[in-house]
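Look at the two complexes coming up: chain A is in both, with chain B in one and chain C in the other.
Right, the complex of A and B next:
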């Protein structure tokens, strides 16, 4: 019995070596950066300003982006639905959080509950068009829905709630999670949420429902021929994706001092698309890797080049898509299989 | 004679094109029936019309005594009709095992049937963990047929099973189809008349979207004029 547990544990550690190492690095990151900056772990715990606090902030932004990109990978990369209105999923979460806390003074759990209800409603709204349109038509209809939402949050009539084109400001975040004073706590909460959502997504994709979603991406007609009413599977993927994106929006509002209307625009949907193109479409872990590369590249270029950073980053993305079309994780998976097969051939050759 | 499928005068349009202009197909229970005809005659569209992928605008499709022509494809499939499309239509991004598991209609179908499937196609057992892209053409075709066997299908619609396969593989495929016919009724679309005539007991010839002749395969094998006229075979 003990031997069996030991062998299972050793198999688990050997299979998930890279993931466990990454997790360990992320847990220790604030302290490693602190030590490099001459700060003791106690100073890091005390949330004193310094490079560690700055790195935590950057990492929190990456975690939120990764959550958002994961949600897009589920509907586009796994289920094959190209939505150009995905930023609406994020925007609803972000704006609703801000309005609920600032205008209506709701508590954090009540706000989160409201965000989840809104996420389900908007998934159903997108789902209503599912049986009628697919492919590029679905992309255009979702673009229309997303654009309507963007116009609504920018409108001056809703200005007192959304801040119109200036953005939503002055959301008082509860002290225990304040990104200014309790950033380390926020960092670990965001990291925990990301890991949990990633594991849920992995479980979903490996489940029978997830396999049908992959089948729909490849050929919806074939999935229907097997007796599946594909509408329900697409709606399930949309709902999970909407819940995740809204959760990312919720965290965005808690972390950022201003909710900019840009997060509800088409450009933010393209951000999600770019992230999964960089990481690898349909790989899930690609969304995480892509978010790291995207945010660090953006940060690095803006810091060292300034205003023309967007031009350079645009060129980098074009080169990325041209030369690494399957993304970092996608290409790694393909190449590692080839390397493995090559190694097996060499071993066979020499007995 | 008891008929499991009775297709009555169906008319099917694809876009503005009137593809099927009156097709009748009667399939006796437990038989293998071949749909024959030249390229573009409407054989595949007939199968797709039966399964509801290109629903007929007119006519009736009666399966096990019930009209199904107005039902959606997944509802028709769940009544016990398995479709093996042409061009080895497997899910290439899924592994062999996942391709089989996805065809479960009731939980446990795969576990119940896997021994039978692997006896029929031993190659698939060896290739379980490989993705569809790693399979050869013959292996993909075996997987496509195997997938239709996971659920309890009373009727199998098989489109061009021998297309593009080596003769040795075709032999194996024919053996498998014969074995399958012991448990299910089969409607087969086959360009290769030799293969069709060795497998099927009944036939329907489709010519320019219309069924023009039907009967016993034994009779057709002796009717050289019909074979030459409708199928172009000598």
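Right, the complex of A and C next:
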């Protein structure tokens, strides 16, 4: 019996070697960066400012972006619905959190519940549009809904609540997860949420429901012919995606001192598109890889090049579309055998 | 007849509701306000139509959703501005541009040349890359040293803003003539020509060589010879050409600016289609992403060359008269004095913005309609919109038609850009707002429907302008004393809402065909 468990465990470890290794690195990351900077783990635990704290901040931003990109991958990459209003999903979560805590003084769990309810409601709102319009028209209608939300957020009438074009600021975050004083705790909470959501997504895509979603992407007419009411499956994917994006927005508001109205605009939807394009459309893990690459690239470019960074990101975008259309993860999955063979040949070459 | 009503009752009801709203809106304001608002709406509608019609032609035939259309509209405006305000820069640019293009005009000669040269397999694999690299290196050496009298974005005294302002005041400020100091003139010219030929040869080698034999005749060299001639002539007569352009009345200069902007827009469109979009016809969703990336790059290029601040392009003299009897009360007075404004039914109407632009819009509408209905090309386009594979099967070279339609669409957008420049002013964001308008107009009118694009554009323009006007005078809500004033953010929101409502009622737009 124990032998069987042992063999299963070793099989599990050998198949998920890369994922487990990444997880280990992510858990140890704050301490490794701290040690490289000459800080002991105790100092990292005490949240003293330094490189480690900075790296944690960057990592938290990446986790939030990854959550958001995952939610977009579910509806665009898996179910095949091109929505240009996806930033609205994120924006509703972010703004509702800010307003609930700041103006109405709700507690954190109550806020989270409210955000989830709002996410389901807006998924149903998008779902109302679904049966009527398809393809490009769906993209246009969602673009319209998204821009109405952006305009509402930016309008000066709602200024006291949303901060109009300045952005929402002054949200008091409960002390036990304050990103300034308890950043390490925030880091681990964000990491846990990301891993849990990723596992749920994996499970969803492998479930019968997820399989039907993939079938809808490939050929909706055929899925309908097989007797599936595609509307419900699309609605399920949208709801899950909306919940995740709202959760990402919730974390964004807690982490960032200012919620800029840009996150509700068209540009932020394009960010999600760019991330999953870099990582690989429809691969889920591509969203995680893409978020890392995108955030680090953006950070580096803004630091060393400055204003014209979006020229480079536009160029990266075009190059990816033309030459690496399946993204990093997708290309790796297709070419891993060739890459391994090439690596072995190089190893042979050097003895 | 009754079957027509039964089939289209939703459309008819929607149209009559819109018409009723329009009449209600007209009741609420004075006559002069109404005239001005109507004309302004038509003006915005015409500009929207210029963008939307090109976009819908491209989408209809090629199935490419060109999200960079707004950026190309903006680029057209900036190119036109350059010709209008800084003719010397334009003349300076002609020589190097003609030389760079000349090598690519020899396109048909290279495959023949490639079959004549016998090379080993490994050399054959490396050769294209090496040639392109050499050409890039030569370009990189010569182009930064080539003298072009240009503005300076960093220096306010020589920035586009200043040049534009001075041109508006009537004194056209010119930068000192740039001379060949860092590089000798023959070396620069011959170098550019050589680099262009080498680069074009290298690029042509990337395509697998077809074995078909064809004979070369003078036509294959004509383009090359013309471009070379243009380069030489503009180089020799650079100064006299500049002097004659600056001496020209601003009306003719404006006509030249419009022509250059439209043609360079069309050229840019053909270049984009044949290099970037053509490899992606098998992956439609990636085309969309590609154009999205291109629009980001285009905005950054414009920012790098022309700078971030907004500036205004002066109007040509024909529309810019003042003093005397201005504002003119009738058209004869206006014609005699070229007044910038005219009184129509007691309303002060700006002639360029509110009369000239709608007329151009109408002319374009009719001429494209004629092109689509009466010519062979139009027939191919209409057939291609309905069934692309069938047209291909009939032996028509659809690929060339694709390039032409893309060029036509982008040319229309660029024409819209240069026309909008004197009324809207030039800014980095001018493309985005108009592109959103055009998208909404197309969604309302029917994505691939040409009359639908016109109807949608006019609707969008009118609704926006009426809401702006009501934002000033307020709407008295019946049975209450409240006067509701729509705020500026409501302007885009209202058209978007209209789009969503119409798409929910008629998923294919007002005039779109059911699938």
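Quick note on the criterion: the second predicted complex is superposed on the first by the 336 of 351 C-alpha atoms of A that agree within 3 Å, B and C clash if a C-alpha of one lies under 4 Å from a C-alpha of the other, contacts with A are read in each partner's own complex, and residues count from 1 in each chain.
The criterion applied here is as follows: a contact is a pair of C-beta atoms (placed from the backbone, for glycine too) under 8 Å apart; a residue touches a chain by one contact, two chains touch by 3 or more.
Note that this is a predicted model, so its numbers are computed, not measured.
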{"item": "Superposed partners chain B and chain C on chain A - clash or fit", "value": "fit"}
{"item": "Comparison of chain B and chain C by chain A residues contacted", "value": "C"}
{"item": "For chain A as apex, the angle formed with chain B and chain C - C-alpha centres, to the nearest 10 degrees", "value": "80"}
{"item": "Partner chain(s) touched by A:175 [first = chain B, second = chain C, both, neither]", "value": "neither"}
{"item": "First, second, both or neither for A:314, with chain B first and chain C second", "value": "second"}
{"item": "First, second, both or neither for A:143, with chain B first and chain C second", "value": "second"}
{"item": "Touched partner set for A:42, first chain B, second chain C, both or neither", "value": "neither"}
{"item": "First (chain B), second (chain C), both or neither touched by A:132", "value": "second"}
{"item": "Contacts of A:270 with chain B and chain C, given as first, second, both or neither", "value": "second"}
{"item": "Smallest distance from any CA atom of chain C to any CA atom of chain B, in Å, after fitting", "value": "5"}
{"item": "Those residues of chain A which chain B touches in one complex and chain C touches in the other", "value": "none"}
{"item": "Residues of chain B that touch chain A when the two form their complex", "value": "51, 53, 72-75, 77-78, 83, 85, 89, 91-94, 98, 101-105, 147, 151"}
{"item": "Chain A-facing residues of chain C, complex", "value": "65, 276, 279-280, 283, 285-286, 288-290, 292-297, 299-301, 303-304, 436, 439-440, 443, 447, 487, 489-490, 492-493, 496-497, 499-500, 503-504, 507-508"}
{"item": "Touching residues (chain side chain A, partner chain B) in the complex", "value": "208, 211-212, 214-215, 217-219, 221-230, 282"}
{"item": "Touching residues on chain A, where the partner in the complex is chain C", "value": "82, 129, 132-133, 136-137, 140-141, 143-145, 147-148, 151-152, 154-157, 270, 273, 277, 308, 310-311, 313-315, 317-318, 321-322, 325"}
